[in-house]
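Here come two complexes built around subunit A, the first alongside subunit B, the second alongside subunit C.
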Partner chain A sequence: MTVDVTAAPKKRKRSKAMEQDTIIKKRTPLAQAITVVVLTLWIVWTLAPLLITALGSIKTTREAFATPTYGDWRGVASIFKFSPTMVHFERLFSQQGFGAYIWHGLVASVGSAAIAVTMGTLGAYGLSRGKFKREGDISFWIISTRMAPAVVVIVPLYYIFKGLGMLSTLTGLIIAYTTFNLSFSIWLIKGFFDDLPVEIEEAAFVDGDSHWAVFRKIAVPLAAPGIVASFVLCVLFSWNDFLFAAVIGGHSAKTVPVGITELRTTVEVLWGPLNSATIILIIPMIALGILIRKYLIQGLTMGAVRE
Partner chain B sequence: MPDEQKSGTSSHGGLLRRVSKGRKASTGPAPQELSILHRKKFGMSFYGWILMPVIILLAAITLYPFFWMIVKSFYHVATKPGQHDEWVGLKNYIGLFKDGLFLNGWWIQLRYVVISLVVEFVLGFALALFLNNLKRTANVITTIILIPMMIAPVAVGFLHMYLFNSSFGWYHWFLKSVGLLSGGSILGDMEWAMAAIIIADVWEWTPFMALIFLAGLKKVPLDQLEAAKCDGAPPVKRFFDVVLPNMTSVIVIAVLIRFMDIMRYIDTIFVMTTGGPAGATKTVSYYLFDVAFRYFEIGRGAAHGFVLLLVTIIIAQVFVSVMNKSRKGMAR
Partner chain C sequence: MAQVKLENVWKKYGDVEAVKDLSIQCKDREFLCLLGPSGCGKSSTLRMIAGLEHITDGKIYMDEAVVNDVEPYKRDIAMVFENYALYPHKKVYENLAYPLRVQKRSQAEIDQRVKRAAEILEIGDLLDRWPRQLSGGQKQRVAIGRAIVRDPKVFLLDEPISHLDAKLRTHMRGELKRLHRDLDATMIYVTHDQLEAMTMADRIAVMNFGLLQQLGTPDEVFNHPRNKFVAGFLGDPPINFIPCVLHRSSGYQLVNDQFKLQLPDLVIRKLAKKDLPDGMAVDLGLRPESFELFTSQTAGTEMTGKVYVTEPLGEDIIIDILLGKERMKARTVIGQSWQIDAPIFMKVRYDRVHLFDSKTEESLLA
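Entry: the complex of A and B
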């Protein structure tokens, strides 16, 4: 994965950013101070909800519900006064069946990502290197399937799957996720193939390699970081999805987001387990996101913007 | 041949042109340079053969449901066994425009989209400018800032439902302490409920805008900035005359992607308010969920979905054309 092709632009970018620093801004102490204050406030706002939830997941319900009286700013510190307990996590696994939900989520998201990225790599390479009639239309169709509102896609899928007997199955869920992951990965991976200098491949052809060998031994390894990033993003989208899982996954293929909504019953909201479940849901995805941090913006804009 | 010389700077463009030439010359034996990359087997090049199965799969899972939806939008679809679908012509579509909740849904959606976009745009741009000020710590700080983007919308919904709770929510406590909030419940209040959903959206997606803008800021040509500086343009003027025009495509992309995502997801609304109170947050996307999976009116849901899809596709068309332009512009 550590190919020269990816390392070189990074170096160039960094030095460019340095140059630019000296041109746009005058580094006055005041500007620096404002920057620090604003960014600190923003980071506090970003992390505070997560911290509150994380603390809530290891507090007893009574401790979690304790807020100071209005206007008592010093009382905020009381949020850290508690004795940690794992009772909510235990409840999730013993009573709510979250072990199975995590497994379903894993199978569905990894399965769908594997299909989407395998097929997406083939399609992207074909689309990137080949020349087809109405290529623009094909590209537009591919991306428009990704733009469709999820609710709109779910309505027909639900009834088609009902007819095929694929409701409440992991297979159905994997196919449903592939509807949005496949178009996404084709489009994103195509961008990575477009970036490769085609001379390398041409040289291999001259050496007598077949198309397939060139694709497998040269193009794919060179685009590997992008392909891995696409895979991770597909997993992220599917793991985080709620609507498809709720409608198509039904009773026997529940994933974590569906499991969470069940902690809100008509009678009460089980806030303790809910906070723990939120932590289970978000921590792996935050880790994955940071792992592919370099490609995140390119991925989420489907290649339109690069950092 | 002149074609090929023209595209000498971009090897890829050259390749494409050669292919298209190869296609035209498919009857006779193609020149050597064409046949290496694009030799045809059974009437299709290697690239065609690897693309085709993918296209077939994608068509099966997206086009089929699409046409299914169009067809069913003209039927009253049976939901009980033993009944049959009944042709009703345009009745479903006419019904849509007589449905107050549907029409009002567009208005609510519009408010949701516009307010979120404006707030995220302004905050995102400010954030990008501040992030651009950083040097050594930039990497760590941007990584912290983008954490909300990775969180499932459902989780964001519950996070905010907790924070806005009227007896133990910290946002509620904060708003009360500052004196902004007079009433009791936030998510139960017609006006505040939408505000709460927008705040959740802003919390999650402002970093996305900020990072796109930051990428745009880094690509503003230095020579232009330098020239403006030499001409004595003050920073504000430099910003509007040099920085902004260079960022148009990036801004359009950021806004359009956010627009389409707000149309795409109903998860946070589902969690935080389920469209309430009294339908105050029932956007047109959310209402479709109700029609199809609560009232089980499939025909009407299909018509509803088709209208929603048309609107999104028109906007996607704009998005792609802008994106293609920017791709040409931003090529390294």
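Entry: the complex of A and C
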């Protein structure tokens, strides 16, 4: 009864890591070399465009297009030779109006994600815990709204929004995103509720909590990793979206992806600002990506119930 | 504290009848055990009392009030779940304090009650831990602690110690029984372990296939089982059933191809009232403790078998005996040397025999 288990969870993690070590050690040197080479190539392949874009965003146009003479392999290093400048970023905000685009993007994505996650959490809990007729069909119907690509619905949506007078408004854009985000968040969060042992909620119920209190004080905190993950994914979807923003958002609710297309003018392609805008678009996504990873890994229910 | 009464309660899951026409009364301050194999409806019954399952038909009373449609949180019950169901996102202290926080008690009172419960269950040094940092036995204590911090009308316990290891289980049996006495509480306890029921309960309700088989004190259900199921479910090693034919030619005789037992007056007196037909098929129920065993023919031995195997248990020894085609177990104190395949002579202790109608499986002596 008096076994000391304070360090138990940490130990468990460590032992898992050790297991993995042993598996890797069993590999032959050749297999390991191949793994390293393949992974290195893959990293270069995926990260090189990002690096060039990032560097291009803080170079002058002349520096960005400077190429070494043919056959001069050491000249590759010259892509790192430049004096950093913020001129492209300044131009984005002063001439191209990107401040507003970022704002629109933020409002539309966070607003839609908030609505989708709030309603999604309620809906997911209902689907996960409630027992009602044709529950499976309803669940399927909800996910089926995500099966067709967005392009399929964009024309009817355009006419609906036109009829409602919501074209070129942020509200319209939020609603458009929510139609897609809601079904997604219901399904994602439902999975987390399904994994929660029902007894924990029953215990709270018996301890004197009403249905609503059990939902608020037990179910939601325990499904929090899923709810946060779903929120982040909804934000990413909307922030990243071009189609809805271009068609529904129109002129007055432009977001960053739409703004980027305007940097290709009839006269020239504004490569410097284009690179800067891309970086602006990517940074929040990377930040949120790191955040979501942390939340998805978290297993809050571990150890509360006999396994 | 309160009494709980079930009146003709039914529970159906679709076409499956989990609980059939159950009527039980749990008296105020009683320790009532619902005992039965898995799937017998005992957990469904407990969950209906808790309000976690809808009642298909019948009525459940707490004190005088019908609680069929009362939500669990308004029933003033405390429940300990089989898998403990601690709140994983709250530390042990907050787990214990939870029912009190719901009732909006003052912090001082919460503190005092949590400390008191922790003291009773000896978990005072765990209050600052997370549930995931506890061992099974500790979690179980916290789960019980969460039930006893307040004074509910009824405690409901759903196999709370069945997942602990054997030693801890034995310890907790005593602890729970003492807790019942100290709290002076009404407790309904679900278990599939007859030993738990026998040792702890004031009364046992034995269930099978959703039907109440017998309700009585441990002594009643053990020594006066109403049917074959109850007799077979209680006792370890289980009771031996030997098929026989009842002859009434000269007094009452039990005849089997291996033996012929002349029933004494003590048994006949109970049978006489029933007017049983001659040649009726019956099952003789003999608990492992209901014989005297001899290595050689002795005056009064009525059955002869062969030692199949012996299982010494330190103090006692369990002997598997082959009686014709039947296998039976007998328990006796260790001392004599029992040789495998050697003949063994048995003398039945008639004050301990049970007789069941082979067809209806009902007891003929009840």
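Just so we're on the same page, the second predicted complex is superposed on the first by the 263 of 307 C-alpha atoms of A that agree within 3 Å, B and C clash if a C-alpha of one lies under 4 Å from a C-alpha of the other, contacts with A are read in each partner's own complex, and residues count from 1 in each chain.
Heads up, the rule we're going with is that a contact is a pair of C-beta atoms (placed from the backbone, for glycine too) under 8 Å apart; a residue touches a chain by one contact, two chains touch by 3 or more.
Note that the structure is predicted; figures quoted are calculated from it, not measured.
In the superposed pair of complexes, A:Asp209 makes contact with subunit C only, with no contact to subunit B.
Look at A:Glu199: by the touch rule set out above, it reaches both subunit B and subunit C. Contact with subunit B, but none with subunit C, is seen for A:Leu281 once the two complexes are overlaid on the shared chain. In the superposition on chain A, contact of A:Thr35 is made with subunit B only, not with subunit C. Of the two partner chains placed by the overlay, only subunit B lies in contact with A:Thr53; subunit C stays clear of it. Counting the residues of subunit A that each partner touches, subunit B and subunit C differ, and the larger count belongs to B. In the superposition on chain A, subunit A positions 9, 197, 199, 202, 205-206, 211, 300-306 are in contact with subunit B in one complex as well as with subunit C in the other. Chain contact summary for the complex, subunit A toward subunit B: residues 9, 13, 16-21, 23-25, 31-32, 34-35, 38-39, 42-43, 45-50, 52-53, 56, 64-68, 70-73, 119-120, 122-123, 125-127, 129-132, 138-140, 142-145, 147-160, 175, 178-179, 182-183, 186, 194-195, 197-199, 202, 205-206, 211-212, 215, 236, 239-243, 247, 257, 260-261, 264, 269, 271, 274-275, 278, 281-282, 285-286, 288-290, 293, 296-297, 300-307. Interface residues of subunit B, counted against subunit A in their complex, comprise 11-12, 15-16, 19-20, 23, 36-38, 45-55, 57-58, 61-62, 64-66, 68-69, 72, 77, 126-127, 130-135, 141, 143-155, 158-163, 167-170, 173, 176-177, 203, 207-208, 211-212, 214-216, 218, 220, 222, 225-226, 229, 250, 253-254, 257, 260, 263-267, 270-271, 285-286, 288-289, 292-293, 298, 301-302, 305-306, 308-309, 312-313, 315-317, 319-320, 323, 326-327, 330, 332.
Only residues 1, 3, 5-6, 8-9, 197, 199-200, 202-211, 213, 218, 221-222, 300-306 of subunit A touch subunit C when the two sit together in their complex. Within the complex, the subunit C residues that touch subunit A are 50-52, 71-73, 75, 77-79, 81-89, 98-99, 102-103, 122, 129-139, 146, 156, 163, 168.
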